[in-house]
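I have a structure I would like to understand better, so I am pasting it below and will then ask my questions one at a time.
Order of writing sets the labels: A, B, C and D. Residues in every chain begin at 1.
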Amino acid sequence: MSKTYRLVISCPDRVGIVAAVSQYLNERNGSIVEANHHTGPEQKWFFMRHVIDAESMTVDLETFRAEFAKIAAEFDMDWFINSSEDKPKVMLMATKESHCLNDLLHRWHTGELQCDIVGVIANHEDLRSMVEWYKIPYHCINVPKEDKLPAFQAIETAIDESGADTIVLARYMQIFPEYLCEKYRFRVINIHHSFLPSFIGAKPYHQAAVRGVKLIGATCHYVTADLDAGPIIEQDVIRVRHSHSATDMVRLGKDIEKLVLSRGLSYHIEDRVLVHGNKTVVFAQ
Amino acid sequence: MSKTYRLVISCPDRVGIVAAVSQYLNERNGSIVEANHHTGPEQKWFFMRHVIDAESMTVDLETFRAEFAKIAAEFDMDWFINSSEDKPKVMLMATKESHCLNDLLHRWHTGELQCDIVGVIANHEDLRSMVEWYKIPYHCINVPKEDKLPAFQAIETAIDESGADTIVLARYMQIFPEYLCEKYRFRVINIHHSFLPSFIGAKPYHQAAVRGVKLIGATCHYVTADLDAGPIIEQDVIRVRHSHSATDMVRLGKDIEKLVLSRGLSYHIEDRVLVHGNKTVVFAQ
Amino acid sequence: MSKTYRLVISCPDRVGIVAAVSQYLNERNGSIVEANHHTGPEQKWFFMRHVIDAESMTVDLETFRAEFAKIAAEFDMDWFINSSEDKPKVMLMATKESHCLNDLLHRWHTGELQCDIVGVIANHEDLRSMVEWYKIPYHCINVPKEDKLPAFQAIETAIDESGADTIVLARYMQIFPEYLCEKYRFRVINIHHSFLPSFIGAKPYHQAAVRGVKLIGATCHYVTADLDAGPIIEQDVIRVRHSHSATDMVRLGKDIEKLVLSRGLSYHIEDRVLVHGNKTVVFAQ
Amino acid sequence: MSKTYRLVISCPDRVGIVAAVSQYLNERNGSIVEANHHTGPEQKWFFMRHVIDAESMTVDLETFRAEFAKIAAEFDMDWFINSSEDKPKVMLMATKESHCLNDLLHRWHTGELQCDIVGVIANHEDLRSMVEWYKIPYHCINVPKEDKLPAFQAIETAIDESGADTIVLARYMQIFPEYLCEKYRFRVINIHHSFLPSFIGAKPYHQAAVRGVKLIGATCHYVTADLDAGPIIEQDVIRVRHSHSATDMVRLGKDIEKLVLSRGLSYHIEDRVLVHGNKTVVFAQ
């Protein structure tokens, strides 16, 4: 894959945005590889993502940013441009369940996930050997029931020292404290093992078994201070029958969790997700 | 299709049930066309459905019922046997939305639904012409906000005079009164336009749009006194994107509502649904 | 829904297309409601669809067409612009099976399909009463085995006199002659009752039952002279089990046929389908 | 999970089979945990699978087999009974692609796959380290283009020495020779990366991209001498768009391949798959 730039913009909707952006890209000879637009009619808000062939551009990123700032100011844009060569740094967090972790590590190892995995933080030792096979640092930080704050401070330090810009709760069975949700706003991704907003909180498969639903699901969302209520990135479901116990649902649900989390994370690290209010615009391929 | 009997049984689980039933069927030369068993390990309850080639049996239904009563008593069975020639009688109820009604009427007309449709009750006149094209009686019973009881008494009379054993709320926009839920227990089927237990109550698609979910769904369930909380028969979902407004979801959701309601109703009228507690065993084909 | 224009473009890919188009739209104050782009890297071809709020434009369609012709010439564009008020005219064709026809007619009747249905052509009388309930002209044109040409000439006349620009083979059980495929190139839409390219030709469900597949499907495609080999617009599948006979598949498949055909037709009449080579670009919502 | 027996039977259909089997189970006090029946009306063939709580039985497996042989003879049964404690022995085969292998090894490692994995045979060294992390023997057997027979003889030896009863071609990019297909009849499972019978043979995703299909799929099937034409165990699909190149399809398809192969293998090792003619009866949970 050749080098590309990703230009992501959101701003109040009005006539002329696309013209201004595309005219600037044209002046700098930018060849557009992928383009997505969305206008939210209710919010009167405009969202845009371009992938540009870096080779085609007659300016470098620094110049681009300086020049584009004028257009951005004119249209009140929330915006950034990234190079595909500056890969996002991702910290994974887990407890004992290995399915999501194994899935993400394997996708990363085979080049499917366009990111660097800078470490795994877990509150148990169980997954160390698996992680270390991938030559990834493993931080075991126990989170004692009676006093969790020091543990989360250690976690914060580990995250910050790693330079991670994205944190993935890959079935991490601890509630992320509010101050970290704020600090890493829209950078912490969780996989919840239900089709939200059904079955918020603990043991969603058992809740599903009790309610007798005919499909179970998983939800990938940004973590906010409200439990399981942050902006949803991706969801999917799988069919279950009366013959499936809660234990069966736990097993079947793993496949959906893996798919939903890996898709959600891919969207995030490829800058395909734009948050607006408590909802996401997802420019999937 | 040749004539069949449907023998449906549920009872406390123990060794010997299948042996007793199959031995009796064997003595009466019953050729089994379809057989389903389920043991709920938590409830220690046993569920069974047989479809028997009527021609093969050496006894008629009356004799069968008399003879089988002994086995049923021994195992504490909740049971019945039906002939495929005694079609269930179904009363449909609707308001103004035609998609579910049109779908069910067309399926019935082309022989796909194994039932008699004995009438349509609606609280508006809008759907009369469509229903009467099918030569089905149309009862328009207005349900005034200020005093609904007389209307529901008229509805009850219409149902009872029609001989209906199943009532289908095909997007009927009135809450069924508790006393009718009791009277027609596990005989009233509703289609709710969300993936329950998400978005109970009014305007579920608007709730879904506000929450920003990535899939919307529909749920076919038995109506009980608890709003949208009865035993679930069938559910399904369809993918939505940020580009879909609540209005788009209403439109897209119709296809899922039709599919889920028609499947749920088919299961019900083919005696494939066994209710236990607040859950269903569904012996789908 | 307010009035919109749909501008659809395909041309060889190069830098500057989007800039030129969006600058022109901007000069004419066009407010973009929906925008889709696609660059096919292999074909080096560019595809674009804009929906523009008609009220916002400072020029009418005639002026637009005259002015835009210069840009179009510069970039070698294959292009058109439509008003949402000029609805496509659709001729439906069927035999005896009613499910697709009933589905499309109901969607049209309730305003879901943005087109005028100008008639139904069938080679049997069976569906006349259903069609006439919708007050749509019904043309029964028998197609005798021994000499089909005069029948297809009568069909051609009926199509041309109706002014139809789109022809839908809604389970029309006759092979469309090559010269009509050519005359109505990429305007004749068929629903094939298999997941193409599996099970081309006659009795696909029986072929599927013999092969023992675990999913059956349907394909909506443009009709070309090659049987079931034209550009695919939409496909979907449904799960089947060993307990489903070919007859069951015929029944289950109907639901997929209806969904796939109605989606494919919607895409077509909303100018969301761009054909290139033997493939389609589908700008779904 | 407590110990269970699996009794699997197929035979010509006639009245009395279920009665005979269930009466015998009853006499030996067998508590039935799961029961599935199927009668193929066309083939007039009967299929049955029972899971029996081993603790409840008053006889051991040896006695069961001796006693049941009489019933089996009477009804011309093809049958066997297994203990859940005698796990199937599975040999995996791969080339360089790791996604299916990693998926199966992880499922096995976490106890999801009820089998012993006795080794991995590959024709390259690439996957050795991954396999050896799981402490599983890795046999690298190169298959030279010019003379494959000695390689397949070495493979045969490795399989036979391992005691494997099931061989899984987990994206093994070599055609299995006919004599081994015969020797291990209905014991060799392949994952083909298309929705068969579409795109038989090499590079199915590229074939799919050329044809412009809107869904791609994968098929798990028993290997027979006819390429990609053996009995199908499981299939599934995933949606693709015009924006997906053949390379994207390769990537997206991996998720479906993993799911379909792991489900198919689970069905096989849990004795849920009964082959009849070129089709399977799959008694999924």
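We adopt the following convention: contacts are C-beta pairs under 8 Å (C-beta built on N, C-alpha and C of every residue); 3 or more make two chains touch, one makes a residue touch a chain.
Keep in mind it's a predicted model, so treat the numbers as computed, not measured.
Student: Can you name the chains that touch chain A as well as chain C?
Tutor: Where chain A and chain C share a partner, that partner set is B, D.
Student: At the place where copies chain B and chain D touch, is the share of residue numbers found on both sides over half (same) or under half (different)?
Tutor: same
Student: Using the average of all C-alpha atoms in each chain as its centre, how far is it in Å between chain A and chain B?
Tutor: Centre separation, chain A to chain B: 41 Å.
Student: Roughly how many whole angstrom separate the Cα centroids of chain B and chain C?
Tutor: The answer is 36 Å.
Student: Provide the list of chain B residues touching at least two other chains, using ranges where the numbers run on.
Tutor: Those would be 34, 41, 241, 243.
Student: Under the definition above, what is the set of chain D residues touching chain A in their complex?
Tutor: 34, 98-99, 102, 106, 110, 112, 129-130, 133, 241, 243-244, 248, 251, 255, 259, 285
Student: Report the residues of chain D in contact with chain C in the complex, numbered from low to high.
Tutor: For chain D paired with chain C, touching residues are 38, 40-42, 195-199, 211-215, 217, 231-237, 241-243, 245, 278-282, 284.
Student: Mind listing the chain D positions that touch chain B in their complex?
Tutor: 15-16, 18-20, 22-23, 25-26, 29-37, 39, 41, 56
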